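The structures considered in this document are given below.
Below are two complexes that have chain A in common, paired first with chain B and then with chain C.
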Partner chain A sequence: MTTQIKEEFQFPKTYSFPPFFTPQPNSNTRHSQLQKWSSLIQSYCRHYKLYRLNLIDAIETPLFHNAALKKRVSLPEAREILEFMVGDGRAEWVDSGKGVVWIWWRRPEEWAGLLVDWVESTGQKNVVLTVYELVDGEDSVSQEWHGMDTDVMMKSLNVLVKRGKAQVFGNEGQEGVKFF
Partner chain B sequence: MATRRGVGLGAFANRTQASQFFANHGANLRSTHLSSLQTQLSVFQSLLHTFALEHSSTIKSNPTFRAEFARICNTIGVDPLAASNVKGKNARRGPGESGSIWTQIMGGDMNDFYFEVAVRVVELCRETRSENGGLLGVEECRKRVGKGKAIGSGLEVTDDDVLRAVKSLEPLGSGFSIVRVGSKQYIRSIPKELNTDQATVLEVIQISGYVSLSMLQLNLNWEKARAQTVIDDLLADGLVWLDAQGKEYEYWSPQNLLDDSG
Partner chain C sequence: MFFKPLDLTTALRPSLLLDETLLFVQDAVGLYEGKYKIPNYQDGHAYLTSHRVCYVAVEEPRKHSVAIDLKDIDRAEYQARFLKSSPKITLYPKPRKDIKRSGSRSTGASPSRSPPPTFLSTRSQSPLAPTSAPQLKSSASTLVNATWICPICSFSNPVPSNFDPSSAPAASLVPPCLACGIKPPFTTVLKAAINAAASREGTATNTVIPDYGNGGLSQKSGTSNILPLYPAGSLSCPRCTFVNHPSLIECEICGASLGNSTPLPASHENDYRSESPAPVFEQGSIRNTEVTECVKLSFRGSGEKIFHERLRGALIQRKWLLHNAPPAPQQPSQSSGLPNLAVPGSTNGSPAPARSPAPGIAGLEQRGLEARRNNEVVIGNAFEDLEALMASAKQIVALAETLARESGMADEGSAETSAVLSESAAALGMVTTKDMLGSGAESLYLSELARNLAEYLTDDRKGVLQKEGGIMSLIDLWAIFNRSRNGVELVSPSDFQRAAELWEKLKLPVRLRRFKSGLLVVQRYDWSDEQTVRQFQDWLSELRQTPPSEPVPWDWRTFGRAITAQETAQRFKWSVGVASEELEMAEDRGILCREEGIEGLKFWGNYITLDPNSGDINSGISNIVI
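So, the complex of A and B:
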């Protein structure tokens, strides 16, 4: 996982609440707990620009392990939280083994919307761009998707392809894209 | 004529006359008394009116001032909210005086203000019901309402405003009420009574932050079964959260979770 040097993530108050790390027996409480986890994971990943989590690694990070409280989320519990997020459309398993997961702090559809807006406002309709340019090019430095995981970018572009708003061509690793 | 003490049949007539006279006089006295009281009241109301008009902006913007003003209204028996909610009361007043005192004075703004606070309170209670089991601290509620979620919509309110707003919901039969546990007041949005044992445990949590079975057994001299029952009930109602990662199970109150919910 790549973590950029950036100011520390400000954990919400829930993170200092010891029972937060224990699956709650009451179903209403449990639901509320899962929602809080979902929004915490999303804002954590957004802050560090993480697009995927490797569960085994992630449960050792501060996200799932509060060293100050000496509380941690167990692997099965982390899996359950992520299953909840998958059900909510906020996460997606990368592999069938359920070891790595996409965290959709923006869903591919949402990224697609941002891309379209950007292309329109910069007048790059009908211009051929390489995916590399889109992700790492100078023009997109100020954009939220700058430095994005290429797989996520391809997923987002595919949304646009399905809608007939873009065309992707070229070989893997050096795709180009044209927006309509 | 009537002063002569009669002994004959005429005495009966005299007595009726006298009692009639007294009754008349009494009625006269009562009506003068009433009209003088009415004058006093209307003078006071108009003074209150002038006062409120003069200070209307302060009343609207300064929560402490507003609470004091509301207190004055309450002392003279004018409940601003009750007056606006119970339409029947207005019928007894003269024409042109209908509507609550707030409405008369502030052109509806104050009523709207409390209703707006009430709406926020209801929203907040519903939103947090699954996390706190329908028991929301008045203080937490005030802080949250003060922050506001929508753009530029933080309302600076006092605990008093929140209590008043909850009270304004009463006529709706919505089941919102205020309960006091230990030193804290809570808004209860799920109609359920706490028994004394449950209230005691919540009070302990206020002080120590959490409870465990052995704490209850040791400090309150409860048998294990009793402590276990109370805890189980609280857990089932969602009023406490479980932390199973310590040496012993600990039960925490979700009250201070609120700041970042949502």
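So, the complex of A and C:
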């Protein structure tokens, strides 16, 4: 799922604050709590290049389980945090069962912008590229989206298609794309 | 008889002297001196104690409160309701031993003098206003109806009511002749006044003095013993005794002014109680002033009968005499009797009550027997009748406490409450009970109970509130308070709550507070949430300074440590319920946040809202609070 294990993720200080793992009744406090969780999840996923989280699995990861404090986020609480992120446009449920979620540490629109910039700077306008090339090709190794989840790439490309800046063709699994 | 200054308690009730007990309270009472209302003393509470009659006005009670010692009161008379005149109780002073009719008093500015109406119109002042007199000098016996003859036109003019021969600048007050307008020489008026005063001395008691300053109604009701002298309502001239028609102002024959029934201009009364007929004194403070005539308490509400009854009882009992009296004669062994109560004795066989210093076990047994006999006598005396019980209440309380202590009733757990209980003996004389109050006066009962409670709470000797860290739940207070009443005249919970709700309205130094959960607590009036929050913040920053006893996985320099309700209760001497409510209040304000875990609920400084890296929590929190 991840590319390579880099150095450990540096959790923010709040992560070692015990009340952080308890849902706060005060609405103001609750709001900042959710915001802090949102940014923690985003930076965590960015660090490990995670694009989707399986909730059941993620509960056991250090993200939601602070072993030092012996504190963990319960499943309903984690779901609530993710619902907050969905409302914020920083996450999206993959299925209606709400078991797996996209984490948009970059939204598809932001990815699309990055792709267009890259295509323009490398002079690949009007060139047909395969999606595989974009994600796993040698040219894109230095780019952030290298090794990206194909579904996320397709979502980002669809944004460009809607804007009329790209065209996607081909069958499932062998799509090609042409940037204008 | 003097109006004495009155000390008020924090709850604005009279603070009682040693051995003084409260007998009765009545609200909606007005104060009169002689026939005249005393301004600012027209709506207040009358407190009857075993030593005094106290009056506390509703408005500005600290300024307008006086007391009259019962020992100065000769007798009290009851006067029933008559038409619009409220029922009254008149207190007559004992005659002073050094009776000297000083000139200034006898001819002082009595409002009840009889200036003719023509003279009235020349003066802008109220005829009832004493001009500069520091003392109240209203007295029927000082009425003067003098005239002076104008040396120019020989018209007989009345001497002005405020004419005072003894005061030097009086010459300036002498008005000109009503007929020719020439000012008379001062001596003429002075002579006339002295003559009139001298001639009055003999006839003062049986002559009907026309009383201009008195309205029609109060004249009828107030001086009812005079009425029979007027057949068919006609007025006899005080100078020539001609019987005039009652509607005349001046005598038909000699022109002297008659105390006629022309009502006073209404403007004099509007300020106070317009429907009441009695006139009003214009007087600032009546403290420390002497009462020469009598004082009336006007009961606009009700309760006059019970007040009168108990006042008479108190006058007969003369408790004030006991103030410095030696204690009631006691059994010889009384002084050493109480501590001996626990000595068990099975001595049926020692017949002699005489104190023979017997040695050894026999002596101990004898002493035990004596002690028990003594207790028997004390209890027997006490229950002989209720009066005796009241008198020996203190002894009985002391006895009951000793018995309780020795029977092991006070176990360690309730040591604190029993301490409060035993101290409550001091409060025995202070409680307001329902039968101390006028009939049907539910609101009065509640307000008195509220004041009672406020006193109980703020009493430094007991320090009930201080012991509980300045805040305690209403239920706890109810329990302690009712226990302090020793099982009699208990207060019902609903009365208690309603009385507590009155605190704010009565501006008492305690207040009732409702927490979010509905818990009702009692705290000092000036205590606010901000102060509690500040206490919490100080504590939290203290915790960030002190390293925890065992290593913790978080950065204690930043986050400090969690606090629980128990710890908080201990630190601030609150009850746990109050502590958790206060913590939740602080959480509500965003000062604290919670941690739920297997160890229970803990509270932390709110580092979720605040950036823990940005240092000072206090500055951040104060921003939030604002």
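Simple rule for what comes next: the second predicted complex is superposed on the first by the 177 of 180 C-alpha atoms of A that agree within 3 Å, B and C clash if a C-alpha of one lies under 4 Å from a C-alpha of the other, contacts with A are read in each partner's own complex, and residues count from 1 in each chain.
We take it that contacts are C-beta pairs under 8 Å (C-beta built on N, C-alpha and C of every residue); 3 or more make two chains touch, one makes a residue touch a chain.
Just so we're clear, the structure is a prediction, and the values are computed from it rather than from any experiment.
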Mind checking the superposed model to see whether chain B and chain C fit together on chain A or clash? clash
For A:Thr29, using the defined touch cut-off, is the partner it touches chain B, chain C, both, or neither? Pick first, second, both or neither. both
Looking at the overlay, does A:Pro19 come into contact with chain B only (first), chain C only (second), both, or neither? both
In the superposed arrangement, which partner chain does A:Gly137 touch: chain B (first), chain C (second), both, or neither? neither
After superposition on the shared chain, which partner residues are touched by A:Gly176: those of chain B (first), chain C (second), both, or neither? neither
Which of the two partners, first being chain B and second being chain C, lies in contact with A:Ala68: first, second, both, or neither? second
Which partner does A:Gly113 reach: the first (chain B), the second (chain C), both, or neither? neither
Clash with chain B (superposed arrangement) - responsible stretch of chain C out of 115-123, 529-537 or 547-555: 529-537
Residues on chain A in contact with chain B in one complex and with chain C in the other? 13-14, 17-22, 24-26, 28-29, 32-33, 36, 71
Touching chain A in the complex, chain C uses residues 553-555, 558-559, 562, 587-588, 590, 593-597, 602, 604, 606-609, 612-613, 624
Can you tell me which positions in chain A touch chain C when the two form their complex? 13-14, 16-22, 24-26, 28-29, 32-33, 36, 68-69, 71
Name, in rising order, each residue of chain A that touches chain B in their complex. 12-14, 17-22, 24-26, 28-29, 31-33, 36, 39, 70-72
If you look only at chain B, which of its residues touch chain A in the complex? 129-131, 133, 210, 235-238, 241-246, 250-252, 254, 256-257, 259-262
